[in-house]
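Some structures are shown below for you to check.
One chain, subunit A, links the two complexes that follow: it is found with subunit B in the first and with subunit C in the second.
Moving on, here comes the complex of A and B:
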């Protein structure tokens, strides 16, 4: 067997790469969800100063390339603050921030999608702002947000491939290594692309299932 | 007692309520009449604190609705029923009714839902208790809306044209519930265009015209010579009766 041939071990290598990509995707999505939603709540409460700050940061993150943000965190932060940032840390920080910014936008429009009339009803019955957010707005806003959120996450999954350039051993980086070894780019990148595709499909499917469950109350047809 | 003195409310340059004085005592049913745009909804929204008032004072059992601390207490004492129901679409009828008792009055959920079922039962909705608003007819939705207000055991019910989005059949099913409540001694501020119904259940009629309360009379007086002596009232009544 020549050095350049594919081996069964390559499958394991690909799966490891997928594992790294997925771990990054899931963790940065969760962090992004927490931060993005918190930012939207800040806006809902119209917290002065903090609200403007959030809008400003989200605007910066949305309107600059993720790759530039990644370089800034990986190369810029160590140079500026004299701290060590590993590739994985840089990847987590950058992707979380980026997801947070876009999730913030989705969360804000989801909150605004809930009809004012119901909120007024909840107010006159004495519910606090927090109770209204939790009991009236959140369940409906979540159902509203799942669609756009699924779209965003499918995109963010692809964006994780950018981190291969700073040396994180994700799926794309593994593809790179296999390609250099075997010199069979068509096969390697087709396989890698297929794995991303199937994962993205899985995300879409999960989103659709979840949305259907949350929209149970509007699913009824009749009258 | 709900007490309104010198109430003034403007939206921008437009003065919508211009010096209203009105008292509603426990046990009274006061119907608020007036043509469209006269400020009836705004009056209700000032009483339940949905609008900030510009001048004057509104108290509900002596709690001043302009003071954030007291507004919470005032709101516990009055229940609002809305023209367009304003139900929570993601909750069943029972959940709609039980929400505020659970969250605001801290009634245990089981008990609140049992009481909600009883209320829904009393308005003929026992079968539909677990339906979502989208699965209910307009009249059924408004009956849920009434139960939701009653669940807070309010001293006062504020009703803003609660039948104007309903067809005649549904209107009569809702009105018969309100008639029962009135008979049972529930205090009501009842904004309506149902003149004959207002006449049958009200102890008093308040008549709004361009943001001013130009009549506040016992029902018999309003519909007799005293009311007819007021040109705007006579005009309004003759117009309503023609329609």
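Moving on, here comes the complex of A and C:
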């Protein structure tokens, strides 16, 4: 007997897939934020060798397909270093690195958006390098970066769908399984697409809200 | 394990075959997405609320759903409604439709950036709508959006690697075969990564040259 019909359990399966996708999305974004910002700070202080290395790695990661990076980590690393890499680990490593490379670019332009004169003024007031970074640059740079960052995150959410290719049970993989079982591709992929769409909208909305809050102090309040 | 690239030497012709297929798919997809992008970009900036709305919905949907889901939708879905086309055509169509959404956004912002006075002057001169669009709006908008279009097309090249998931043996697909034949996945995918990065780097240089060539009059006049 074939179970070709949809069952109520399929919804739970879809939600499970969504959970895996979201968990990987959030965790790799956070790791990417930390690494990407650290790279941008390295560039800001013009650390000699490290700066060139960071620029090179970021360029390489930005200019190659995520799928190939994923294969390199999942198939390449175990063969080369004789280590075990599970699909989830490979996904976390690849997506974090990829996010970091794009966040690095945004962070660099955000830091540059803060005028040199402000930094000079802060230096004249006797603030230390760390204080300047923490109290002068960070608040303004964050407000500047939220817009592009939201766009990037919507993109990164879609990039997470690629990890289904190496066997992580995310939303796309669940779609694949349902598609093979029910043989109703239109319904399955429309449903999967809809879930991704709504999640992306949610990310956009959250980003816009957050940006509004960060920029609240510059908004016109009336006399 | 030591890093040995020489084992790849005898697989280079096979990989080049894949690269050729990637090139074909990308060229067709660039043409397709540019054509689609022009139409949708024009719709998005037209005075008709209906056309505007339709274009906005199209852009919104295809920008917010992962490409791999769209691809599966077409690849598994089309045969269901009796359209039997091969993986290559499906891939090119899906790439064009997804790319068209991004292209039309770029063209739209190019059109919106045109000084309204120029269009008013054309209208006052009694030019027909279609003439204004073809001879005044398009040249200005396209010239201004060479660079953003270039980054959309570079993204298209990177996205084309996903076509390997629908059994199309383009560059990534054939590298997968080589990797499983030689048992040297690290070397294969590393070379592939560098190859894609070099390819997109070359394309970005070409785009820069095209941009300078098309805007040569502006630069002379500006100084």
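Brief remarks on what is shown
The working rule: the second predicted complex is superposed on the first by the 218 of 223 C-alpha atoms of A that agree within 3 Å, B and C clash if a C-alpha of one lies under 4 Å from a C-alpha of the other, contacts with A are read in each partner's own complex, and residues count from 1 in each chain.
Here is the rule we go by: a residue touches a chain if its C-beta (ideal position, glycine included) is under 8 Å from a C-beta of that chain, and two chains touch if they have at least 3 such contacts.
Quick caveat: nothing in here was measured; it's all calculated off a predicted structure.
Contacts of A:136 after superposition on the shared chain: subunit B is touched, whereas subunit C is not. Look at A:22: by the touch rule set out above, it reaches neither subunit B nor subunit C. After overlaying the two complexes on the shared chain, residue contacts for A:190 are found with subunit C alone; subunit B is out of touch.
In the superposition on chain A, contact of A:201 is made with subunit C only, not with subunit B. Of the two partner chains, subunit C is the only one that A:164 touches; subunit B does not reach it.
Counted by residues of subunit A touched, the larger count belongs to C, out of subunit B and subunit C. Applying the stated contact rule after C-alpha superposition, one finds that A:154 touches subunit C and leaves subunit B untouched. Shared-chain residue A:118: touches subunit B; no touch with subunit C. Of the two partner chains, subunit B is the only one touched by A:127; subunit C is not. Taken together, the two structures place no residue of subunit A in contact with subunit B in one case and with subunit C in the other.
Interface of subunit A with subunit C (complex): residues 59-60, 63-69, 71-72, 75-77, 79-82, 154, 157-162, 164-165, 172, 175-176, 179, 184-186, 189-190, 192-193, 196-197, 200-201.
Of all residues in subunit A, those touching subunit B in their complex are 117-118, 120-127, 131, 135-136, 139-140, 143, 217-218, 220, 222-223.
Subunit C contributes residues 1, 3, 61, 63-70, 72-73, 76-77, 80-81, 154, 158-162, 164-165, 172, 175-176, 179, 183-190, 192-194, 196-197, 200-201 to its touches with subunit A in the complex. Listing the residues of subunit B that touch subunit A in their complex gives 48-50, 72, 75-76, 78-80, 82, 84, 86-92, 99-100, 103-104, 132, 134-135, 137, 148-149, 152.
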